[in-house]
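The same chain A turns up in both complexes below, where it pairs with chain B and then with chain C.
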Partner chain A sequence: MANRTVQFEIKRQASPDGPAVWERFELEWRPGMNVISAMMEIAANPVTADGRPTTPITYDSNCLEEICGSCAMRINGKARMACSSLVDNLEQPIRLEPLSKFPLVRDLQVDRSVLFKNLMRVKAWVPVDGTYDLGSGPRVYPQQQEVNYPLSNCISCTCCMEVCPQFNEQTGFVGAATIAQVRLFNNHPTGKVLKEDRLRALAGDGGIQECGYAQNCVKACPKQIPLTNAIADVGRDVIGQKVKDWLRG
Partner chain B sequence: MATPRIIVVGGGLAGLAAVIKIAEAGGSVDLFSIVPVKRSHSVCAQGGINAAKNLKGEGDTTWQHFDDTIYGGDFLANQTPVKAMCEAAPAIIDLLDRMGVPFNRTPEGLLDFRRFGGTLYNRTAFAGATTGQQLLYALDEQVRRYEAEGKVKKYEGWEFLSAIIDSKGVARGITALDLRSMELRAFAADAIILATGGIGAIFGKSTNSVVCTGSAQSAVFQQGVYYANGEFIQVHPTSIPGEDKLRLMSESARGEGGRVWVPRKAGDNRPAKQIPESERFYFLEEWYPKYGNLVPRDVATRAIHKVVYELGLGLDGQAMVYLDLTHIDRETLDRKLGGILEIYEKFVGVDPHVEPMKIFPGMHYTMGGLWVDFDQMTSVPGIFAAGECEYQYHGANRLGANSLVSCIFGGFHAGPNAMQYAKSLPAVEGDGGAAAELARQAEINKKLMNNEGSENPFRLWRELGQTMTEHATVIRQNKGLEKADAKIVELLDRFKRVNLSDKSQWANTSFAFARQLKNMLELSRTITQGAILRDESRGAHYKPDYPERNDEKFLKTTKASFTGTCEGPRFEYEDVDTQYITPRARRYDAAK
Partner chain C sequence: MATAHVPAARPHVPQVHRGVEPLHAGEGTSFIWRKLHSLTGIVPIGAFLIEHIISNWEAVQGPVAYGKQVYFLNHLPLVRALEWVFIFIPLLYHGLYGIWIWLRGKANVVYYPWAGNWLYVAQRYTGLLAVVYIAYHVATQRFMGVDLPNHPAAAFWKVQRELANPWILAFYVVAMIAICFHFAYGVWLFAAKWGITPGERSRWRFGWVCGVAGFILMGMGLASIWAFVSARYANAPENPSLGFQGSESRDQRTALALKPNGLTVRIGNPSQVADAHAGL
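Coming up: the complex of A and B.
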């Protein structure tokens, strides 16, 4: 019996302004194989299904445990993490494409630094006084921790931004991940001292009002973060802040 | 004088901790990282961070933490820095708590603690089963705050290639490669701090992340920095074997009551649930009644190895044993271990709430690393190191949940010390050697890019990983180690004939990998040869031919220096600082 194989179709693009081409690969099937191990196999033997030598695939990856957020890409049309995409659960040929909403670098690698800029814009941090020993932190009850912890699990993979119809150049929308971080830091006993700054940062163009409630984000999130709840909560607070600012003149 | 300019290489916990201290003290930092710092390997740490805060009324003290760490490390760690770390740990937890880390809480709103391996105290603070991720994010957020204030400049997507060292042997900056444009550049600095993490890639598959190649450590090792205790490699008892890597199954699974077992009878292939208690062999609990499933990692790893390979009791005849959580209720498991159970289910396709997990030991951590003094400075003035890339805090075996605290403590220590050093540094003469170093690197790059031959770097890497895993992990025999060392020499020779299938000058991952591979090969000899020379068993280093610890001969730090010859590194030995706790026999079958 012939060895079982796995078929891949991978979208290649050598540079941001180069042409995109599809390459087909046929690899030997192995138990437990995921999309990353397939690309590792291609790197060790860079030959297409029709026997042409090619280059190893360029893609982002690091932890391979779905916690670093690096390896997001479109797999059979769906934005997801390559490491946790097991070959046995995917329809073949498995089609790999880069995320489409971010500047392409090469092959499956894109530039997602916009998310980190957004996090800076909303001051997604707790403004501690300093790192010297100032005693213990504020009391946080388990009920509160259980709200914050899931929000803090965001791995910055940007899947929620990729699938959002409103996340594009026209709107300049910050996207669900950033809004969820605003919810997180506004809920922290010390973090909330910057609450007004954060809400104002989300009040203008590209802010929370761009959300069209498509709810794609919450379905795409590999960490099951309650993104739509966070958007609803923060949306209410942004309106409250606007009213307050208007009354204050 | 002008503001000191410090370069930090690596954006994991140690690097970010150093950056924060420098920025806070008014220094200016350039932060280099291969990946966006928020994606660093520290996110993979799961179980928790140790600090003797004694919030459970057990009478825990920082001295107990110190003693457990030294004892767990089989007395190889210098005691002064370890003592300082354990004393600083409670305040580090408080700081992280103030920064907003969502640690698990008691009903009263205080920090909750759990038990980890190698101790009898509940000393480990945790944020679910993703503590490393939560800690890294807290530091990442503080660094972003300093970045917004213009005190930190990030170079993400840049790889460190080498230190720039002047004619007096003093570091004056670094060379680095932009992994997109492939541009090579020199960056000047008054001091540099390497916080470049682990070396898992030398073993092919490990629990480490893709960037953990040890390439930066190796580069400075080849430039004259000592590498210490390289032979001490931690193999984590519980990992999930995979095609692309070995995924960690946290020690916290045992800390929360997980039990390791196999069927008593070889070949008993009934489903786990149908095997009655009396026919299960809870070998850790039987062999180590005092610590049970929470013996230190080296002890648990060797026990699993023995059960599988000597007693032939692996599940279905394979190299696997059960790690069982099914006796614990779902709600508790989800609250305390949610993250890791989800990972197991995602990658294995089996629900660990219902069926015991199948696990096996996997390469996890290097206790060895760049030699540093008590101020975190290496043997080359101006090059500091912190975190897993240096050797200082774990001796011959690291205790679970001590890595996060050692990273942060090391970074907190290295940052201010680098500032202090920079303030009294004589001005640089000329360019400090930058042009010469840049030319040397450009030459290496050109040669590699134009090299002719038939070797594929990814295939050479697989061979390296296989030989290192076979000969230099759980069980070590001098014959096997010599074989591995010879194999490395062969691979170094074949590397000369590496032919990159990608010759482009844009985001060329093969090129970057080939440079890392060369460094992995050079560094791996500190492991094989260091292990050959150490004819004893201590902590993670176990030689059946020399089963006892030999303090008379080997209560010493191994220091390797690069020679550039085919014989490999030169070795010397340094006395260990044992001024506080007199070395005693290490055993876990009884209270210590």
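Coming up: the complex of A and C.
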């Protein structure tokens, strides 16, 4: 009896301006294999299904336990983490494509630096640098921790941005992840010193107003972050800030 | 002459994806315009839609009741200013800016066929249908044919004649359903995006509120369309008397003012003129 095999179709592109081609691979099935482990096997023996030698697949990955956020890609058309995509749960042939909304580097690797630029533009940090010891921070009550913890789970995978119909080159929408981080840092007792700056930043072009509330973000998020709740809460805060600024201006 | 160097055409012109720009933090005016679009959908446009459907409900009571309602609306103080400031200008803005929003979105319901994503797409198609329908409806019913502000009694007759064409009737029915959906889902979206319903459960409950309200509006709207085409008010008179002084059309008023003693000037059918006399 022939060994059970797994079929892959992978979209390859050697450079950002090169042509895209599909390659087929056939691997021996192993228990518990996931998309990343399959690509590791291809790297060990880079030969296509029709026996032609090729190059190993280029992709980002690191932790292999859905905590680093590196290995987001489109698997059978949907954006998700490759490490937690078990082959046994996927329809074959398994089609792998790079995320479509970010500049391509090579094969399945894309440049997601826009998220980090966005996080910088909304000052998604707690400002504690200074010339003297500020001492310990204020207490965060357990009730507040319950709200903040899910938001702090963001792994910057950008799945929420990839699946969003409003996140594109025309709108320049900031995306759900950044909005959720604004909620997180505005909730922080020390981080909230920058609250007004963050809210004003989110009212800029490409800001929170571009959200169409299609709610794909919350469906796609591998960490179950309450993104739609965050958009509602931050949306209200941004409106409040703009009204205050206008009346005080 | 030396042969000019012609670079060989590249067989493949790659499209390098530049990606989405980072946030323009605090810059630009899109926030205010987008929020204005959102707000105008509720007031005044949503409020006007409710008023319109309640007014339409008078059609179920017949041509005279409907004519009286049209008379009442057209005798509100500053009615022409109200019409432009609270109806035409907001509608034009909401419609055109809405199309602009649609053009910049990139629907992906094929890949992500989830409920919210379908609603996102439906909101755009129903909005476009609403723009096309309302443009037609305002042009034909407000600005063409019998001038209803001056002839309120003719309102039922005018709409009935319009709906006698089955294609136009179908257009009205589809548009009524689409607009009621667009409004109900728009209210739900407004509550979500303005942070009125920031929780899963509150959005779920408010979804029911908007859904039920939307179906009630839709039912009332379709019932009023039915009133125009049902046998009950078939062949409605063009100029029924509304039964009170001043309700006559301008032509009737002129004719009555010019009426010499003891002489009947006939406008429309004799019974209408008799009614008009009774009111004097």
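Definition applied: the second predicted complex is superposed on the first by the 242 of 249 C-alpha atoms of A that agree within 3 Å, B and C clash if a C-alpha of one lies under 4 Å from a C-alpha of the other, contacts with A are read in each partner's own complex, and residues count from 1 in each chain.
In this text, a residue touches a chain if its C-beta (ideal position, glycine included) is under 8 Å from a C-beta of that chain, and two chains touch if they have at least 3 such contacts.
Note that the structure is predicted; figures quoted are calculated from it, not measured.
Superposition model on chain A: chain B and chain C are shown accommodated side by side without a clash. In the superposition on chain A, contact is made by A:Asn62 with chain B only, not with chain C.
In the superposition on chain A, contact of A:Gly172 is made with chain C only, not with chain B. In the superposed pair of complexes, A:Tyr149 makes contact with chain B only, with no contact to chain C.
In the superposition on chain A, contact is made by A:Asn216 with chain C only, not with chain B. Of the two partner chains, chain C is the only one touched by A:Gly204; chain B is not. Once chain A of one complex is fitted onto chain A of the other, the partner contacts of A:Leu108 are absent, as it touches neither chain B nor chain C. After the two structures are overlaid on chain A, the closest C-alpha atoms of chain B and chain C sit 14 Å apart. Applying the stated touch rule to the two superposed structures, the chain B and chain C interfaces on chain A have no residue in common.
Residues 12, 14, 16-32, 34-35, 101, 103-108, 111-112, 114-117, 119-120, 189, 192-200, 203 of chain C are the ones that touch chain A when the two sit in their complex.
Contacts from chain A toward chain B in the complex involve residues 14-15, 30-34, 36-37, 40, 43-46, 53-56, 58, 60-70, 83-84, 86, 105-107, 109, 112-113, 116, 119-120, 123-128, 130-131, 133-142, 145-146, 148-149, 152-153, 155-156, 185, 188, 190-191. On the chain B side of its complex with chain A, the touching residues are 20-21, 24, 35-36, 38-41, 43-44, 91, 94-95, 97-100, 102-111, 127-128, 130, 133-134, 137-138, 141-142, 144-145, 147-148, 156, 180, 209-211, 242-245, 247-248, 335, 339, 343, 346-349, 412, 456, 458-459, 462, 501-502, 504, 506-510, 513.
Residues 16-19, 77-78, 101-104, 111, 114, 117-118, 121-122, 161, 163, 165-174, 178, 200-207, 209-216, 219-220, 226, 228-229, 231-239, 242 of chain A are the ones that touch chain C when the two sit in their complex.
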